[in-house]
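Next up: the structures, one after another.
What follows is a pair of complexes built around chain A, which joins chain B in one and chain C in the other.
Let's turn to the complex of A and B:
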């Protein structure tokens, strides 16, 4: 197992705005971690922002977590994704996620 | 580490490893030292008591004699007569003592009546006691001598005549003439003539205070030495017997309370290990010990008993878990086979069809995967092709994949267009998808008579197209959103025309996103390069080449995504 396959999740809450910075790889192995992190902390959030500047890779399992977050947020506030790099943008485009995510 | 284990030791060696023997040795040693110390103390005490008794006897005799003399006889005239004559002697005359002439100075004394009475009284006391001598003498500080007045001892050797004297040590002289009447006046000295000798004395009252007259009593202490020898002998025997007895008792005690329980625990441990090796379960070797020493040994045995029980429980638990794991493993293996069997995997798939050649493969990252391909003849002229990737991996993804595959095939088989198939599948899956899983699907239908492909893409990778005689290139088609997350989505479909010799290559993200140890991805560039390097190869050979290239690229890093590919070659309409 490669040791550098990790994901660093940094959360920054400001009132009802939550900024989640992801660093590393969001794949099958790390996606459950993010899912767990988000599950408990979205209750009082109206404005969710993902910062993906240092996200190296996102797999379908990672996309699923983003999709779940998007669904949760669209019912009570807003969600946007920032700092999308070329690789991640390509994945978003191929999978059609550009259509449903607010990318800045 | 010890040189060898207890198991490897012989009987004799085990005996030497004995706490009891060690205890016995320690007890013997301790008792011997203790006995010796006690012997020395006892010896001292005994000698002291003996000496005290002797001195008491001697002093008592002197006192009794003096008391009798006070009542029976006035010795002062006799004493003064002897002392007057003694004091009148010159130094030279005094030193002639032992010669006949010296006794001439004291002639007539022995004939005196009071002398003879005195001598008779002293004689009675001497004969009736254990002392060596009882006599009357004067301590003369001027000449530092003891001047004999009357000595009842008849012997030539030890007897003294009146006026005869003996040289005195300063210590003895001072002790006697300054006595304050307290305790027992005595002095012990080692003399050449008598050995250890104790002289006790009782002052006789004389009106001339310069004359220190005493009734003296001599007793030799050498007899004490003799009785000491006897004492040591008896004592030593007693000590030896006591030591051995103590050693035996303590050793027995140790054996019973320490060694036997420990040996029992060791024995139980051996039995336990032997039973474990032979696969005997439910042992109670330690529980059965029932050691009741009420100390650490008992605690030790209880700890072992607990351990035995806990280990048994743990093992039982472990066995259950292992069995469960094996069962799950077996089921997973079965699921893997089942999943593989669900996909068309016999090639050539349609040996009777000359219009096309198709090959596909799926290698899941886990036992079961979420990727899948599919192809099937919808009717005599239409071939349906699916390449799909379910989010996530493992059993959940595999179950989701199965459902998707069936739904897609069912919708296609009733003659719907690719767009309609994807929309229908999306609605069907969304209706019951609480886990928020989704699947990306590329679905196309090839019209065998014309080479026309109608396709729709739900968030899947770009297909790769190779025109006849050209290179493999990505075909950037229009993308819809993934299937399974939003109901009512619309998909767009497009058409491609394959000329004879053209190829279509489909894959999942496992191919371009295969990652090596340096965290680099295989990428679509390498994928296309590999395909073009094998432009003339059959679909099967092309897929094998890509698979090998991915494998070489990844090297030692584990494959962490499914690897699924499909390649179709259109050969043109059936002639005839």
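Let's turn to the complex of A and C:
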């Protein structure tokens, strides 16, 4: 059932480097959770990495949070996105996010 | 004292006044009333004045004094002349005084409809009367008037009774129904109008099933069906009965309206308008419950004796078969015989338990024909129970309150169609993105700051396999596609947060179009889903 698939957020901090692994769906319902998680965690971070290997779905609400994170990090460090699968890559391409984000 | 009779009935004093009450017999009348009323001091009094021909001021004073000891006095069945006296003297303001019911004869009147609890006759060119089977039907009449009123307020075209009358030994309610012709009569007399009837009949059915009813306003039909299921216990194996009850229990709660007795005698063409009548069975529930009673009306009750449908609807069994099949096909919006058959079988299970229960309770097992009919139905039911695992069927339309919380419901509804069509995962995700963006947009803006509903329709067509998804809302007219696309070449610093959703929907689908029609925003989007 689609209703059961939510978003799992896993954070892994190493000094001023933070790795955020997302699993599931980043959509209108789950994006606010991620936004909340990031708001309280980015103060001392210089290097932010998103691992999206198991991200199955992203909508504009998810992109918004990534864009906000990118704006925050641009001013004080760096942000990169790894493990982008085909499905998510297509969305990034269509929306110009491949130009905004550093995708590895 | 022949002018007064009466007794104490439980918590109520019941009096019958008759003849003339004036200064000559007012004293005796009062004594007779007191003798009865003093047995139950202060209790409510119901006065039946059907036989009362005249009451003078002396008589009126008797009633006033009665009201001092027994506050609640209710006078019924008052003839027009006596009612005028009560009215002129202000009594109608002081207590409840009900006029006697007009007497109406239906002898020789044309029968134009028949429902579970009464029969409808035309009494003159403009008026019809529904005569109730139950002799003590005042409460039923009240109920039916009340539900008809609710339905009308919710947008269902129906007639509301304006008068209650006596017909023989029972009550009737009178409706204005100018030049009405039932769909049964049209089907019987003008067979060339079959397809027109199917369309109008299904349009009205969809309107009923698309009407959300505020909680608690109408009975829950599923509860009734559960009681039919319980009744079947002695007639099925333990395993069959468990399966039946599980399947009924699995029918989801549904706050949409169902008519409960939707056959062609209850749908009337009045001038150019199609009206629904006989509203006493109105309820809320899943559409399969409605389809079950429709199956019974056209096929079920006539399966054993094909003449039944002719007797009841006025057209023959072949017409009934054709009409039912076309209706089901139009309602489900498919010509796929397998799918039609599948839904019909589900409807039959509920239809059969209803008929079996009804017939057994009416001593059907005691006559050879009744017994043979019940046995036929029972064998069909057992066969169907063997091959059916669920009573649910998928409608291609979902009507939900447009809120973010309902997003997963909408996504789940759409993806079920995509999965069935073997849609590739990537395409499915693109479609999901478009559905989410459009639905969230409606949820956030269409009715803001109020809330309203959105309807989502899905259609999958062949050659090449293409999905069409339609969003319909009745919010402010707004074309989301008119908004300028965001500049996707800007850098992160310059990009606006937001404004991406509709753009993503446009990019995800092959075609997307908006129109405003009859007060509705209609957004239609298409995508080919073959690899």
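The working rule: the second predicted complex is superposed on the first by the 101 of 104 C-alpha atoms of A that agree within 3 Å, B and C clash if a C-alpha of one lies under 4 Å from a C-alpha of the other, contacts with A are read in each partner's own complex, and residues count from 1 in each chain.
Here is the rule we go by: a residue touches a chain if its C-beta (ideal position, glycine included) is under 8 Å from a C-beta of that chain, and two chains touch if they have at least 3 such contacts.
Fair warning: this is a prediction, and the values are worked out from it, not measured in the lab.
Looking at the shared chain after the overlay, A:61 reaches both chain B and chain C. In the superposed pair of complexes, A:28 makes contact with chain B and with chain C alike. Of the two partner chains placed by superposition, only chain C is touched by A:74; chain B is not.
Of the two partner chains, neither chain B nor chain C is touched by A:10.
Of the two partner chains, neither chain B nor chain C is touched by A:39. In the superposition on chain A, A:86 contacts chain C only, with no contact to chain B. In the superposition on chain A, chain A positions 1-2, 27-29, 56-57, 59-61, 63-64, 67-68, 71, 91, 94-96, 99-100 are in contact with chain B in one complex as well as with chain C in the other.
Those residues of chain C whose C-beta lies close enough to touch chain A in the complex are 404, 407-409, 411-412, 415, 425-426, 429-430, 432-433, 436-437, 440, 488-493, 495, 497-498, 500-501, 503-504, 507-508. Residues 365, 370, 389-393, 436-438, 440, 458-462, 479-482, 485-486, 509, 513, 515, 517, 519, 521, 557-558, 560-561 of chain B are the ones that touch chain A when the two sit in their complex. Residues of chain A that touch chain B in their complex: 1-2, 4-5, 27-29, 31, 56-57, 59-61, 63-64, 67-68, 71, 91, 93-97, 99-100. Across the complex, chain C is touched by residues 1-3, 27-29, 56-57, 59-61, 63-64, 67-68, 70-71, 74, 86-87, 90-91, 94-96, 99-101 of chain A.
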